[in-house]
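Below are two complexes that have subunit A in common, paired first with subunit B and then with subunit C.
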Partner chain A sequence: MEELRHLVKEMLKKGIVQGVLAPVRESGNGNVSPCFVTTERDADRIALDSYYPFSLAKLVSKQVGKDTKVGMVGTTCDVQALIELAKREQVVLDKVLVIGVECEEEGFPYPWCRRCEHLVPSMADVAFYQDGTVSANTEKGKELLSLMNASAREKRETPPEAKERALQRQEEDWAKLARLEPKERLDYWLSYFDRCIKCYGCRNSCPICFCKDCYLEPHKLIVKPGGNPPDKMFHLVRLMHVGDSCVNCGRCEASCPMSIPISRLYHALNKELSALFGYEPGLDLSSLPPLGMITEEDMKNLGVELD
Partner chain B sequence: MIRFVPTICPYCGVGCGLLLVVKDGRVVDTQPMAGHPVSEGKLCIKGWNAHQFIHHPERLTRPLIRENGGFRESSWEEAIGLVAKRLEETKGKSGPDSIAFLSSARCTNEENYLLQKLVRAVIGTNNIDHCARL
Partner chain C sequence: MAALGKLLKIVGLEPDRVRLEWVSASEGVKFAEVVKEFTETIKSLGPNPLKKVA
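Up next is the complex of A and B:
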C-alpha cells in the first residue's frame, strides 16, 4: 500500500495527472469515500482494504472531462468497468492512468466478491499484488514505473486454482435457483422485484449503465410515473441493457435499500451469455459486447431460436 | 477540481448520509455515503436526486409576498414582519386556536423545539404538528 501511495504522490508531483480518483478512508468515522486525490495528505488516506460500493470508473466517465489527464486506483471489477466504458466511448483510456490492486480471494464478505473469479487487474496499466509486488501491464504503465524507478515484476493473471474455487462458489450460489423449474425461477425473481421502491440506485450505481437518455425515465413510458413497485420490466430492461457486460462489481446490490439480490441475477445471466458468445466483459478492449454486435444470422448459427 | 462533500439528505427525518459531488464549485451529483450508520450506503429516489434543487433555475432564493394576484420579491425583514403582523391580527380576532403550525422533518431538532416553543408560549395554542405526518 505504501508503494501505491508513493506512486500516486509521484504522479501528482511530476504533474503527470491532474488528480487521482481513489477510495480513501475518512479519518473520523473510518468510512470509505471516493476522493479526487490532489495532495499528499489525501494520497496517504488511499485505502483498498475494504470493499468500496461506488464505481470510480463511472465517476471518471461522468465527472472527469475527456481531455483531463487523471489516474484511477481501483480493484479489478472497477478496472473492468472502466474498460467496458471505454468500449462505449464514455472514457478515453489514453487519458486515464489505471492502477489496479489485486483482491484477496473472498477478501470482502459479499456474495459478488465470493463469486468473483478475477482477482488480478491484468488490464490495468500498473497492477499491485497482494504480496507487495507491482507489474507494468501496458506501455503507459511501463513508462510510469520507469519514471518512478520502481522495480517491476512480470505481469500475472489470477491463479487458475483461485478461479476454479470461484467457479465452485458460483455453483453453490446458483444451486438453489438452478434446481427450480423455469416458472418457479421467474416467480422467485418477480417476488423480489415486488420489493422494489424504484430508487434507481441500481441504475445510478451501475458502471455499465451509461445512457444519457435512459429508457427507465418516466417519459419513456416503460416505467410509469408514480406508484410502487415499478413495472417488472424495470429490472428486465436493465438486465437486457447491461447483462452481456456485467462485471459482477456488485454496486447495484450494495446500493439496493430493499436487499434485492440483483447481482446474482446479472452475474448468472452474464455467465450464460459468456459461455454462449465466448465474451468476457472488461478484460479485452478489442472484444465488443455481443448483444450490441450480434446479427440474426449469428443467432441462427448458434442455434438460438427466434420466435 | 472534484470534491465529495459529506452531508445529510435534506428530505425526510430519516437522515441518510450522502456525498455531494462538487465540480468546479458547483454541486453536480449525489452519491450515497458508504458506511453511514443510518443509510448504510443506500438512498431512496429523493436522496439520489438531492443535488437537483441547489442550482435549479426555479429555486426560490428570496422571500415573495403575494400582492395583486402576483408575487413581489421582498426582504426577509419585511416578509417576517408581515407574517408576525398577520398572525397577531388573526389571534386577536379569532383566538390562538384558530392558528395551526406545521414544522418540518428537514429542520434540526433544535429548530423544531424552537417552533413549538413559539407556538405554545408566544401564540398560545397546541396546534403544532410536523410534515412527516402529512
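Up next is the complex of A and C:
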C-alpha cells in the first residue's frame, strides 16, 4: 500500500487538498491515532489497519470549511459514516476526496468487524485493495489517480462469499439472544444497561450522533441529571435515533469503558430496519434515512392511509 | 411505528405497549373504544418493566 502514501503525498504537493485526515501510527507506542496529515513525514506514518477506534468521518465534518478541501483515508465503515453525515448535511462531499481501504476479513477480534458485510469501500472516490491494486470509483477519483499514473482496475464490490460468511457470523452472534424469551432478553439488556456510567462515550464516538443540541444532555431532562446508572431511556433514545442508519462501525462499543455490547444491539436493530425499509446505510448518497424521510409511498406500504 | 415495534421487540419489550391510531374529533365512539381496548391490553401486559428497575 505504498501507493496510497504516495498518492497522499502527491495530493499535498500539488495543493489539491489542504490536508488529509488519516489514521497514523504513533512512533513511540505504536498506537493508531487520528491525524490531519499535511507533511510528507506524516504521510509516511499513515496506518492501514483494517480497524482504528475513532471515526474520521466525524472529524472531517468539523474540518471542512467553505474554502478548504481535504482528503480522508479510511476503512469502509468510516466512509459509510461520511456518506451518512453528508445525507444529513453535516459535510459537503465535493470538498472531500475520499480514499477507502479494503478491510481484511480475517484476524479481527472485534465482534462488529466479524459481523461486517462491507469489506470493500465501493463508495469511496478511490479504493485501495488488499492485493495492492487500486480503482477509481468516481470522476473525482479518476482525476486523482491520473496524478500518479497508477494503473486503475475495475471498481469492485465485496465478494458474495465474504458477505455470506459475514451473514453466518451475524447469525451466530444473535442466535442465542433471538432464542430467549422476551422477558429474558429484556433482562439481558437491562443487566448491561445497569453497568452504564453515563460517560457519553458511545454518543461522542458515534459518527451518526452529530446533533449539537443533544436530547440526552442532562438539562433536557429525558435522562435525569446525576445518578448512575442513567435512566434506561438513555440507551433506548439513542437506539431509536441511530438505529436506522447505524453503519456497524463499533466505535460505541470500542469506547465503552464498561464493555456493554452496544453494537450488537444497534446492528441487530439496523438489520431489522433495513429489511423493513429496504435501506442500507452509507452505500448510496441518494437514498435517505427512512426514519427521517418517510414518503407517502412508504406510508402506504406500511398500511397507513393518509387522506 | 413499525420501526419502534422492532426496537421494542429487540430489547425484549412487548410491541403491543405502543399503539398508533388515527381518530378524528367527530369519532367519539371510536375514540372511547380504542382507549378501552388499549387500556385492557396494557392491563393484561402488566406494569412497564423499565419502571421497576432503577
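Everything below uses one rule, namely that the second predicted complex is superposed on the first by the 289 of 307 C-alpha atoms of A that agree within 3 Å, B and C clash if a C-alpha of one lies under 4 Å from a C-alpha of the other, contacts with A are read in each partner's own complex, and residues count from 1 in each chain.
Note that contacts are C-beta pairs under 8 Å (C-beta built on N, C-alpha and C of every residue); 3 or more make two chains touch, one makes a residue touch a chain.
Bear in mind the structure is a predicted one, so any value in this text is a computation, not a measurement.
In the superposition on chain A, A:108 makes contact with neither subunit B nor subunit C. When both complexes are overlaid on chain A, the residue A:268 reaches subunit C alone and has no touch with subunit B. Look at A:236: by the touch rule set out above, it reaches subunit C but stays clear of subunit B.
In the superposed pair of complexes, A:183 makes contact with subunit C only, with no contact to subunit B. When the shared chain is aligned, no partner comes close enough to touch A:215: not subunit B, not subunit C. Look at A:290: by the touch rule set out above, it reaches subunit C but stays clear of subunit B. Comparing the two interfaces of subunit A, the one with subunit B and the one with subunit C have no residue in common.
The residues of subunit B lying in touch with subunit A in their complex are 1-4, 6, 19, 21, 23, 28-29, 31-36, 39, 41-45, 47-48. Against subunit A, in their complex, subunit C makes its touches with residues 1-4, 6-7, 9-14, 49-50, 53-54. Remark: subunit A residues 18-19, 21, 26, 29-36, 38, 52-54, 59, 62-64, 68, 197-201, 204, 254-257 touch subunit B in the complex. Residue ranges on subunit A touching subunit C, taken from their complex, read 180, 182-190, 194, 231-233, 236, 239-240, 243-244, 265, 268-269, 272-273, 276-277, 290-291, 302.
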